[in-house]
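Here's the structure we're looking at; comments come further down.
For reference, chains read A, B, C, D, E, F, G, H, I and J in written order, and residue numbers begin at 1 within each chain.
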């Protein structure tokens, strides 16, 4: 089933640059693997913010929580999940 | 360019049923025409709410405002538009 | 899967008493049928409010939206759905 | 009587990993002992958040406050308690 | 046990004055009976608002909900209940 | 005159334990002296929070501000003061 | 003592113009009498809003509530009262 | 001096269409006269909302309030005014 | 023209006491000079908070911003400015 | 197309003064270059706040995000972007 997710990243401004680069690189790899698997079909940057809107396609809330809590940036993010249904006007 | 849109519908509970059915039918036709044209690529129902998350692909803010203010349900909706950009992790 | 749902009812104070009684009776029957089916395992009144916290156990967001939008009180409610996962401390 | 509780955990991202593991382990043991005693009948993870929705079954507000303020994670949590009553539609 | 309650009254400005006077008179009688019984030990007007802060002393959330939902002004009020415990500094 | 006060304490989780114990002990003594004097007639713990609801009975806003800003925990608290009046239904 | 008061007026757009003019005229007279008495030393319009910031100088919360609830516009206003004290930098 | 203004229009969905057209036409004429005079240098539609962001260039808060409260749509609008200053980076 | 200003001070609890005393002393001198000049005609402490409501009488938004951003406590304050106009009921 | 942007700067009060001066100087140069290019046609200081309202004129959301995320102050700012359209009353 589909879930809409908003993620807001709050990396401390004084984080060690190497550590920051490492977390961001691991986040990218983790995200791209999930995109390739079909579980993370959409991700958009919100203009002007260190944030994204995403859509996930997973079996259950348990699977989604495993995915989200495994994000390398998880300790630095506020995440808001909204369950989706098919819209009756959808072609 | 892409815009994320949340629409919340507030039809009065005592609206004349025929008028209601008419507005909803016109809304559906209007939405489906825009979906077919490629300008409204995504629409999902938010579970438990008379609301949707949508993504629009338009030339400009002017075009998007024309589309949204032309929705038959526009006088009964709260709409929130967020501009999107390509996410650096997007495959 | 499990969803946490908060429902807040806003029946107009001047609603026709018969109509009100009819809606409330149908709501109760509808709710109890779903409770018996196992799809609505928990419902609690929030003290001092015309509101409830509920837990639903359904196959998908689509099924939950069908259930919630079919509630006789749906046109008079604000509903907020939160997806749940198993808690790691749960015995 | 029953209380609905939402707990949001805010552990500092730079907390010493051993101290973190120790707090989390003690929290789990404390929670499971209360679950076994029947005082903490429900606990669910909120998908995508370091948060839970719980239901407690206690004698009084005093007992509930003793339980909650004794949580090893209490200094790192925002907690919101809502009193519950039997719902008239509950089967 | 003790509960802190905030009540905000929203009587429509165009309510029939007789009906208004009747509701307010029944509210007063209902409140005073509960005050005399010891179940409603404190009630204060919030300055400048048609609102009060109250403290109730009841057996359970069920009893409190029965009392509050029986208020003649209940259909016109927003009510917020907060459970209380003994404060460790209380003499 | 009477004032309703809500106090929310935010002691840093890494505060030196001795300093913490000292502040809390001085806070308790300060509060109890004011309770004995009749100026702080009510104090209740809010269940699940490091917070209280209190009622103060003082001569003026100046006196109340002197009392509150003298609290040993004042630098660590958010305080919200609401003026009270006699309720017309009060027996 | 001094209180800061914000008043926001919400007169229905379809109110009978004569009734509206009458309420507004009585409000003005009521306000000016209190200004002359010294109890309402300051009143300013908030630019762009049907609202004011005022300061009242009264004996008690009871007196202030009597004054505010006697305003002809009281049934149409949201009022927020904040108690004031002498500022230590005030010359 | 310059003021930033946000206006949100809330015309009732069931307003008489002729009355609506008349108000909107008078609003447009009123706005354009002020734009021509130089007092209303900027006005933009907020995409998807019946709202605008504007900038006014006036002598004083009194003048701005006279202008805004004279808007034919004033009884149907929420208005929020923010005073502006020259930005130190402005070329 | 007149502006209503709310200032909320957030000095870190662990600020060096000498530095704190120095900032507060400079703030007081700065404020009193402006009060004497007639530009800061009103300042009141908000009871229970490290905050004030003030009224400024200045030539322009530019002048007010210069004054406020020059406050020794400016880096530690949240400030909210609201433009004022003469109230039609003002005597 | 046009976008309305609000930026709120939160530089830590204890930031190294040289580093602070350097960031602010680079921010100014970056902003002025964009102003000269026509992409940042408006910028105003919000009175009393370390904030601005700006209008950007760019090709797309992607271009705007590149500009904003390149601001030297970006790691220290909250940014809120609102898409604009031509207003029908605009002369």
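Here, a contact is a pair of C-beta atoms (placed from the backbone, for glycine too) under 8 Å apart; a residue touches a chain by one contact, two chains touch by 3 or more.
Going by UniProt, the chains are A, B, C, D, E, F, G, H, I, J = Muconolactone Delta-isomerase.
Keep in mind that what you see is a predicted model, and the values were worked out from it rather than measured.
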Labels of chains that are neighbours to subunit I and to subunit J: H
Least hop count linking subunit E to subunit J through chains in contact: 3
Please flag the chain sitting at the greatest distance from subunit F, going by CA centroids. B
Ranking G-H and B-J by C-beta pairs in contact puts on top B-J
Indicate the whole-number Å distance between the mean C-alpha point of subunit C and the mean C-alpha point of subunit E. 26
Distance between the centres, which are taken as Cα means, of subunit E and subunit B, whole angstrom: 43
Listed in rising order, subunit E residues that touch 2 or more other chains are 2-3, 45, 47, 61, 64-65, 81-86
Those chain pairs that satisfy the touch definition: A-B, A-C, A-D, A-J, B-C, B-H, B-J, C-D, C-E, D-E, D-F, E-F, E-G, F-G, F-I, G-H, G-I, H-I, H-J, I-J
Which stretch or stretches of subunit B touch subunit A in the complex? 2, 4, 27-28, 31-32, 35-36, 42-47, 52-53, 55, 82-91
Any idea which subunit B residues touch subunit C in the complex? 11, 13, 45, 47-50
Write out the stretch or stretches of subunit J touching subunit A in their complex. 3, 5, 12, 61, 64-65, 68-69, 75-76, 79-81
Give the list of subunit B residues in touch with subunit J in this complex. 1-3, 60-62, 64-66, 81-86
